[in-house]
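Below is one structure. I have some questions about it.
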């Protein structure tokens, strides 16, 4: 996955780890042992598998392909990789995974990525620029994300932060975060509580309790507030004392590199 | 099943077979090879299994317990007998058997029994006498029958004929035949075409094409029209030339007795 | 995560007076041992939910545990009536029994709605039946659990059934592992839906093993969907557990005489459940 | 009963110009060989239905077989975009492509409704999304495939999606027996629903065996639900068939460059499909 996604973020800095690695480690730390986690396509899979390989061996990974409690020993090639079915506690059909497992709100955390995310945590993975029928960029679309965002008890978004991906208002609401602000989720009848963190390659954002606007609450070593604001398309609020997030431990980095190097079949 | 149901019909007459055996053989003959048959609880199971053991080896038996294409070598002790699951082409959940298999109208024939049946083929298996909240006799209830009667392409009813069971109008419509007559099934949105035969221990009744009232169209050897009318609670019409139904062949009787003697485990 | 406990503890912790309890198992894997433990612990005022009440609910009703029965086929399969059920409905012994009656398709879909977190399910069913008419008697707006619903695309009228959300589901399964993952196979009925629709759940199992090897036709309920697991070999008797035990048909036949008579039943209860 | 025929015969008899065709297989068991046969037989004006169009529909779209795509996630998994899809949507090459876009939950439920003989299904979904808004644009009564529906018991507003009833479903499975019963296991996706929702169906299989031994996690589609079975070993390549083949990830990576360029794609088609 990572080699294919290929960006300059994959470069290992003089700190001994890359910004992508810091992001993945940070996202993995957000998952607690014993949680149930609905793993979205893309970046979240690496972080969820890293969590399971380190501090959260009892993390229950659930994939939209129907694998419940998958225990891959490397990163799956796709969300429908055979290793997921072969190691899962149960494999169910795609309708069942959405209807019986996701929809009733029994999953603790939905782990999603995004092409665009806005200050209220709304996610766009559909079209950028132009209009829906004639877009500048046509993205893959919704997949499982809208209902993961709606129904998991909480949501964590893992995404690389750029001025183009972090926007005031997404071009297309594929998956709802807090809509236009407080009260919107309730009004829309969304049963989950919404996005609790956006974890990027620069730091961690959390919703302001009053406005639900995402605010910088954590930063990685070597990243400055102006550098984060420079890559944010809205007037980013910053917590009074943003947490300085610990660098990846050797154990975390080793585990991540083992996962990424292994593919699924070793 | 038969020994438990125990009535005097089980007695073998001087003809060399009992009225119940004639009924079961006659019902089995109504099933053609290669048909799909949703087998209701009670009498229909013996007939359906007899058909499969004789002229219809490719008959597909479907039970509400979720067994599709069951091939028991004896009569199952219940509609959820282990032999059904062990010999089936597929075993599905109870919700699935009703939603994916019965409801869309993909089953050729529904094979039902009844405690009461009326001249329009409506079936009662719920209460007899008094009213619903305070009945004279409380029967087991609906089970799968209402939707079998509604959704199979056609329905065949297998029932012992008595003056109490063959009534002008059932005390309680558990499962709809032709309702109050022509047009009712369409008005109710029932997708199957309704009951095509009522097969009893005296003969065979079929709906009059114009009125849909069940009419005597076939009689067993040794049974007279007055004898049938005597055990019918409405003014029974009789076809111009009722078919004289052939006695059970030796092969049919042998197969039936083998099935009934065997239970499921030999 | 499921706690692995004794049967008595599971019932004590999961099932309380007044609860709505669904003990499921379609002919196969009926949780009789758990039902008897509920009788022993003298639970009262239960709403008993089950597609086929079978002997297990005849026994619970006769023992006075129930105030309401939600069901779709209440007979002794292949034998005849459930006499304790009839005695309660018709004569209020030992206590009156309210009933809420459905078809199998309706009950199955009510569990599906419950398991899916939806307030209702849609089916082609009930049209023209007196069950439907009965449900809507004296209620201008329609029944409490069966109502018409119109397709927003075609205008076609279909039937809606209200979701079932039991307080507790009780099932019997062939196996669990030491983490409390529960596996069952053969005729799997509506047990998965019953557990997923319920707030709490109890699974009795034939055996607890180190690891659940995959089996053809097996379903697994992950440990985090089950509240309590108790090892109860033979816990489905007189029904059966495929691969472990056969149906005790003699028990079903003999039940007719026991269930028919209040004194014989009371004596059976004393000798077989309370003692 | 399914007829066991060649792939070319199955496609010729089952799939006609203008048909709505659902080729399913969620990452696993994608029926690529059947897709290529459809290209070779130069079917036109198809409505292609599939949760994840994947490379199989990128190829069919690029080859000019489709006039409409019904889908819920249209990317090259782990790689990026489907360029033939984008070229058709954005620039009408080789022909314009209408799209009908859903979420996975919506598509899955549309198939469930189709398989269940219902005109719609109910879910908690789409609320607040622009997909929903997009579907209802310029239509006062709501969208053609997404509309609100009200629970007749609670008054709660939920979302209805219209059933999908394809003319033909196409799947790839591990095995069939000589009677045409089809068995598949591993990630089973939405294939059962797709076949049961469709008027006709084609199953390509890795092998035809004398008898289908039961397998953990396996589903069986009985012969009488399948129209045609064709033995096509490797018919899921470059996706995989659990127990038979591994995913050819290199093919997915290499597709990016082929799909990106009309000439490269045309050349690929000539060399790999038509020849």
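Note that the chains are named A, B, C and D in the order they appear, and that numbering of residues resets to 1 at the start of each chain.
By our rule, contacts are C-beta pairs under 8 Å (C-beta built on N, C-alpha and C of every residue); 3 or more make two chains touch, one makes a residue touch a chain.
Note that the structure is a prediction, hence the values are computed from the model and not measured.
Q: Pick out whichever of the two, B-C or A-C, is joined by more C-beta pairs in contact.
A: B-C
Q: Using Cα averages as centroids, what's the distance between chain A and chain C in whole Å?
A: So the centre of chain A lies 40 Å away from the centre of chain C.
Q: Report, in whole Å, the distance between the mean C-alpha point of chain A and the mean C-alpha point of chain D.
A: 27
Q: Once you find the CA centre of chain A and the CA centre of chain B, what distance in Å lies between them?
A: Chain A and chain B have C-alpha centres separated by 57 Å.
Q: Touching two or more other chains, which residues of chain C qualify?
A: In chain C, residues 117-118, 123-124, 156, 158, 192-193, 217 touch at least two other chains, as defined above.
Q: So which stretches of chain A touch two or more other chains?
A: In chain A, residues 99, 103, 151, 191 touch at least two other chains, as defined above.
Q: By the document's touch rule, what are all the touching chain pairs in this structure?
A: The complete list of chain pairs in contact reads A-C, A-D, B-C, B-D, C-D.
Q: So in the complex, the part of chain C that touches chain A is made up of which residues?
A: Contacts found on chain C: 1, 115-118, 181, 192-193, 196, 219-225.
Q: Touching chain C in the complex: which residues of chain A?
A: Those in contact with chain C are residues 34, 36, 60, 68-69, 89-90, 99-100, 103-106, 151, 191.
Q: Applying the document's contact rule, which stretches of chain A touch chain D when the two form their complex?
A: The contact residues of chain A facing chain D are 1, 4-5, 41-42, 64-67, 77-82, 84-86, 91, 93-95, 98-99, 102-103, 126, 132, 134-135, 138-147, 150-151, 172-176, 179, 184, 188-191, 265.
Q: Quick check: in the complex, which residue numbers of chain D touch chain A?
A: It comes out as residues 26-28, 51-52, 71-75, 77-82, 85-86, 89-90, 101-105, 108-109, 111-112, 123-131, 134, 156-158, 186-190, 192-193, 217, 240, 242, 246-247, 249, 253.
Q: So in the complex, the part of chain D that touches chain C is made up of which residues?
A: 117-124, 142, 144-145, 147-149, 151-154, 156, 158, 160, 162, 214-218
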